[in-house]
Amino acid sequence: MNSPDSKNGTTRDGPPLGVAMIGYAFMGKAHSNAWRNVAAFFDVPAFEQKVLVGRDAGQVAAAASKYGWTESATDWRSVLERDDIHIVDICAPGWMHAEIAIAALEAGKHVLVEKPLANTLAEAEAMADAARSARERGVQSMIGFNYRRVPALALAREFIAEGRLGTVRHVRAAYLQDWLVDADSPMTWRLNKETAGSGALGDIASHAIDQVMFLLGGSVTEVSGRLHTFVSSRPGAEGPEEVTVDDAAWATLTLDTGTIASVEVSRMATGQKNSLKLEIYGDKGSLLFDLETINELGFLDATVPIREQGFRRILVNEPEHPYMDAWWPQGHVIGWEHTFTHEIRDFLTAIHGGAAPSPSFEEGLAVQRVLAAIEESANAKSSIIQLTTAAVPATEGA
Amino acid sequence: MNSPDSKNGTTRDGPPLGVAMIGYAFMGKAHSNAWRNVAAFFDVPAFEQKVLVGRDAGQVAAAASKYGWTESATDWRSVLERDDIHIVDICAPGWMHAEIAIAALEAGKHVLVEKPLANTLAEAEAMADAARSARERGVQSMIGFNYRRVPALALAREFIAEGRLGTVRHVRAAYLQDWLVDADSPMTWRLNKETAGSGALGDIASHAIDQVMFLLGGSVTEVSGRLHTFVSSRPGAEGPEEVTVDDAAWATLTLDTGTIASVEVSRMATGQKNSLKLEIYGDKGSLLFDLETINELGFLDATVPIREQGFRRILVNEPEHPYMDAWWPQGHVIGWEHTFTHEIRDFLTAIHGGAAPSPSFEEGLAVQRVLAAIEESANAKSSIIQLTTAAVPATEGA
Amino acid sequence: MNSPDSKNGTTRDGPPLGVAMIGYAFMGKAHSNAWRNVAAFFDVPAFEQKVLVGRDAGQVAAAASKYGWTESATDWRSVLERDDIHIVDICAPGWMHAEIAIAALEAGKHVLVEKPLANTLAEAEAMADAARSARERGVQSMIGFNYRRVPALALAREFIAEGRLGTVRHVRAAYLQDWLVDADSPMTWRLNKETAGSGALGDIASHAIDQVMFLLGGSVTEVSGRLHTFVSSRPGAEGPEEVTVDDAAWATLTLDTGTIASVEVSRMATGQKNSLKLEIYGDKGSLLFDLETINELGFLDATVPIREQGFRRILVNEPEHPYMDAWWPQGHVIGWEHTFTHEIRDFLTAIHGGAAPSPSFEEGLAVQRVLAAIEESANAKSSIIQLTTAAVPATEGA
Amino acid sequence: MNSPDSKNGTTRDGPPLGVAMIGYAFMGKAHSNAWRNVAAFFDVPAFEQKVLVGRDAGQVAAAASKYGWTESATDWRSVLERDDIHIVDICAPGWMHAEIAIAALEAGKHVLVEKPLANTLAEAEAMADAARSARERGVQSMIGFNYRRVPALALAREFIAEGRLGTVRHVRAAYLQDWLVDADSPMTWRLNKETAGSGALGDIASHAIDQVMFLLGGSVTEVSGRLHTFVSSRPGAEGPEEVTVDDAAWATLTLDTGTIASVEVSRMATGQKNSLKLEIYGDKGSLLFDLETINELGFLDATVPIREQGFRRILVNEPEHPYMDAWWPQGHVIGWEHTFTHEIRDFLTAIHGGAAPSPSFEEGLAVQRVLAAIEESANAKSSIIQLTTAAVPATEGA
């Protein structure tokens, strides 16, 4: 146990909060890391990493042992019945989110659920309803858009809220990866609409869209979009299988603030490994961000004399920056994983203070609605203009 | 005179080509610079900077003297009648292009015309027809998409043509400027559709679209687009005037090669001064370019072991690079202006060799057609999905 | 306890290794973090975070609780007597290193000691002797030059060892910080030669010099150096006090390989937060590194055609890269702190395998000797040429 | 002729200044380009590119024709006798500088001489004497340290002079090239001390040292240095020949302002093409520059809140920047060659105004003296400390 203080309740009043986590794959590993470390850096209410839940008894026991959980279990329903469990952290696949989250909220457990909220809009709406109702009973919930806890992006939000950018005219948001570049890489459940819900759109455009709303504080009122699958068939266990989700997506969003945001996402952007890029253009300044350089924020202050204007690279690593006074001396950069450490810190703090943490399920639902609208627009194809370009005669070339 | 050799015809046979240029504003200054310097660096046919044409006799005489032209004139029609003029370089405003270019071609002059080809599609079509007909008589013509002559982009095209990128899946093209950020900057003819034809779309998206077709060698078959004017009224001489062109534009293009290109342009991107950004993603490699770092090309070779992959910054400044053996030793970078020097070099070389230079008027017309289709799609607005987001209850925030 | 498996000895044979750590300031926090997390990512022998040792009973107890140690203690000598302690990790101040380390080795404990090895050359030599002697008895020791465990630098070393750089002609090494820029920031023990041993030289040049030897695998044969204190007096508790260590240092080193390395370090480099910069130039390629972008390695391969040469940015974040298969998917970057996680992993692995870990105390001593030689050269000042520049008459200026 | 106005003396009073240039290799090509273009961008006194002087009659005639000179000649002495020549621009090899420059000054011609001032200190001193004496007769002279006319560096000097950096503590100056990396590239006159004077030291360290004095406005009072030749023998016409100049040099300079500057230059820095790098650290701010990105200046303002500090990239391309109102709209970058255009502009302006242009021959001599002191220090080798590192026993490695 990493926060022995919590056992005695010396740092915060009340008995330690018991935590159960469901799922131990990529997100489970990342969330465990956050639970294991948060109390070594932040002053959080006492808690205990009680139980890790998974389907395979042997594997989940090994994962629990490796990741710092006291126990393991295979039946999430019975875990929800335990009195010593106060928090449920859901890292199971998206199609399980709604069932578990609603049950946990009804059982009076605070719930953290990984994004996306759900695979369907209907499920997401049911979850938002359950969250609203639970909140009235003092039971809190949150969706894990962890990039809200990147210190550089939290700083960006502060700058925008302080008016440093003035009126934001437009935003360029992109999330580029390249893990599907090879046309021969095999079919997986992630490329099947039935199991995955959607492709790059739901997986990574959701982050980009959440950032737009998080940073600007507005709602999306209009959407136009396009989806494309570059490799429509991939090798399956018994021959070629059809890829039924998008490899890439493009959209423009209009916000109620008048801002227009372009969103472009791809799993085919060779050489871009995990590049969530944000460019925010206001009439008094601009911001640049790339997740691959997570500790940096680009900022141009257009209110200084033109002679000395330029994009500056702020190394977001000073005690003055969001979350950073807990870490290392200046210039000693932190990694991607601590977006979750900060998320858990904020979640625990909100619960302890009786406040509703953000982003709420309703905020997660708002992202789902934008995703659904992009898909609807893409299917309509009604604005596409066909061109019958006359053949251009050959010329000398360049 | 900058190329005295040409007087004696020692470097190339035949009498020197007489050049007339029409217009002496920004583009006239840039083209003059190219004519004045091309023979000091490249082996081109003999020519003479004969006459500069403009409306104001005094101003055009001063400009001629400053920019290296032997004479000046105010009537372009009479210049077209001169036997000692073989080339006409048109840097006049877009609405004059068609009339002058067609007259010049009919008078048997080789014609170089600045982009965009014309302000209307009808004019552009007439010009392409005239060019085709003139070419049959050995009279050549070219449109000045000067960024085709950026050495880094010429190198990019070579890499793509050589298959270094494999199959190109998608392209991200953007052209970002910020000279309209200030909402109080006054109304100008450039912001009036009658005089300017269009806004950011025609002015800078034209470059981005031409690059997509230049680099990939394909035709655009489908277009979807959106236009927006962020500041719709600006101070005029006698009170507020309506801005009738776009400040920014977004589009996706489908090429006959299957590639999808996104295009985003803005005159409101605070801090981006003249940033034509290109990202080209293929299954074997990728390329990155930014006009503000004109001497550099980013290249990722995805065929080397993953352990050593990364975007490399090629300083396109070696004798092995397009156009560069004419210039300075390695690492001594050149400026934006020499895109025109290279353009004039290629134009003269094609004329001398009896070949049709590229990009032809037909290629310019192809760009116009794409621009028109984007405008048509934007006006249709048929794919826009309205969202009526329910109010999200206030939560703690991040 | 973070690695429950170890309790049962299921992953590795033998009872878990008991670890004691001395010191809980900056380095103690960083080492604790590594001990707390290493088993969640790497397959290491079973161990237990037994006891944290410090002078103040209350504070060390709180730190132990926060950082994951089972117990705390105030007397390091009695801890050395415990049979359940097998490893001693020394994060105490430099002037205590020799006494504790030698005692621990004599008590048969494996020892990890933070850099620098000691404050004086005599102490460092005694420690190296003790380590050599202990090693013969199977008791291991290591000095914590943690930057050897930056994945990008481990990759750099691999490239050099594989001959990818050919013959390395010269190296530019710099370590730039800015925490002493303010001339009014107060006097501390770190600025007093008695307590600190030296200034920027011992603190950060030691890292740069260790890297040179680590990366190239050679020994330093000749040294020339210079030291400077820009702010020689700072506010003390009772008035101005003299700063008796260097603020900055410059040196050139000759290696037995023929390579020449320049080293420049400063605590006055405004805006450079924690920038260990390395540039390594060989006849077949070059490498660039900056600690502020810890996940990246610059590499230029001079064996590919000149036309496509350029420094590439390798995001050292692939399973193919040193240490990285333990972490997150590609592009999900890690932070500075995991240099220690990797260090502990390598230390534990070596102990378990009965091998001598590297860098050894002897390697630490080699660095100390170079530091001492730089100081000796700086004090000699014998190569400094005085210039009596005649006054230059005033001219127009630029 | 590029500035016809000058013929009539309409822009400036007096007859046009007649210019002769001696030498037509790399520097001759670059200077010619500046003479050919300066009047098209800047308002300069009337002048004429009269005569180009070289040894080979045929080649110099061809070069004159190509580069815009009216005549050519082979005897520089007779050119000095011409009444229609008022300015002599010396681009001949360094060993000819003293003789020609002194003769020209005595003949009453204004003289611009390429750097370095001379191959020996004695010659440089004679030249400075001649310049001082000529200046009293109204005859001006200047040495061509063209990088003083890089707009970004002129802006850097302004910032420093305005106090934006506060007290400058230290400077890192490096000039890195790679054209000698290949050990098999042949011997040339540039690698022979008799003909070249020195190697990287005189050729490129001279630029770096001039920049230090130019930017900070101080004099060098102390020097310590080191030289090295990595490849000491190269293929000659009749077998291996000894390289008698340095391939690389390292130095520290102390200025009378208290600033310490490190200087490092190399022709062996694989992948660095023409990289003059400057880092200037003051207590209120810092500056960064790299000649390969000639249009950019890095600036950190340490007086803004730490939360928003960061190095900004100023694109030095606005009308507000030195020299830039003459060129193109913002973001349309210029090339290396225009350092000379600006130099000629400043030279002509000073002559016309009767002022002494800068850098004077005396300033060139000051640089020579620093170079000589570096060589003296390097030869002394008195501060070098030998290390007899005991063999380090093999350990596990990283």
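Odds and ends about this structure:
All chains are identified by letter, namely A, B, C and D, in their written order; residue positions are counted from 1 within each chain.
One rule holds for everything that comes next: a residue touches a chain if its C-beta (ideal position, glycine included) is under 8 Å from a C-beta of that chain, and two chains touch if they have at least 3 such contacts.
Since the structure is predicted, the reported quantities are computational estimates derived from the model, not experimental observations.
With every chain reduced to the mean of its CA atoms, the largest distance from subunit C is reached by B.
More C-beta pairs in contact connect the chains of A-C than those of the other pair, out of A-C and B-C. Separating the CA-averaged centres of subunit A and subunit B is a span of 40 Å. Inter-chain spacing, taken between the CA centroids of subunit A and subunit C, is 35 Å. Separating the CA-averaged centres of subunit B and subunit C is a span of 53 Å. Contact of a single residue of subunit D with at least two other chains is seen at positions 272, 300, 309-311, 315. Those residues of subunit B lying in contact with subunit D across their complex are 1-5, 26, 29-30, 32-33, 36-37, 39-40, 62, 64-68, 177, 179, 272-275, 291-295, 315, 317, 328-338.
Interface of subunit B with subunit C (complex): residues 155, 159, 297, 299-301, 305-315, 318, 320-321. Contacts from subunit B toward subunit A in the complex involve residues 132, 148-149, 154, 157, 169-170, 172, 174, 178, 181-183, 214, 219-226, 228, 230, 247-248, 250, 252, 258, 260, 262, 264, 266, 268-272, 279, 281-286, 300, 302, 309-311, 346, 350, 355-360, 362-363, 366, 369-370, 373-374, 376-377, 380-387, 389-390, 392-393, 395-398.
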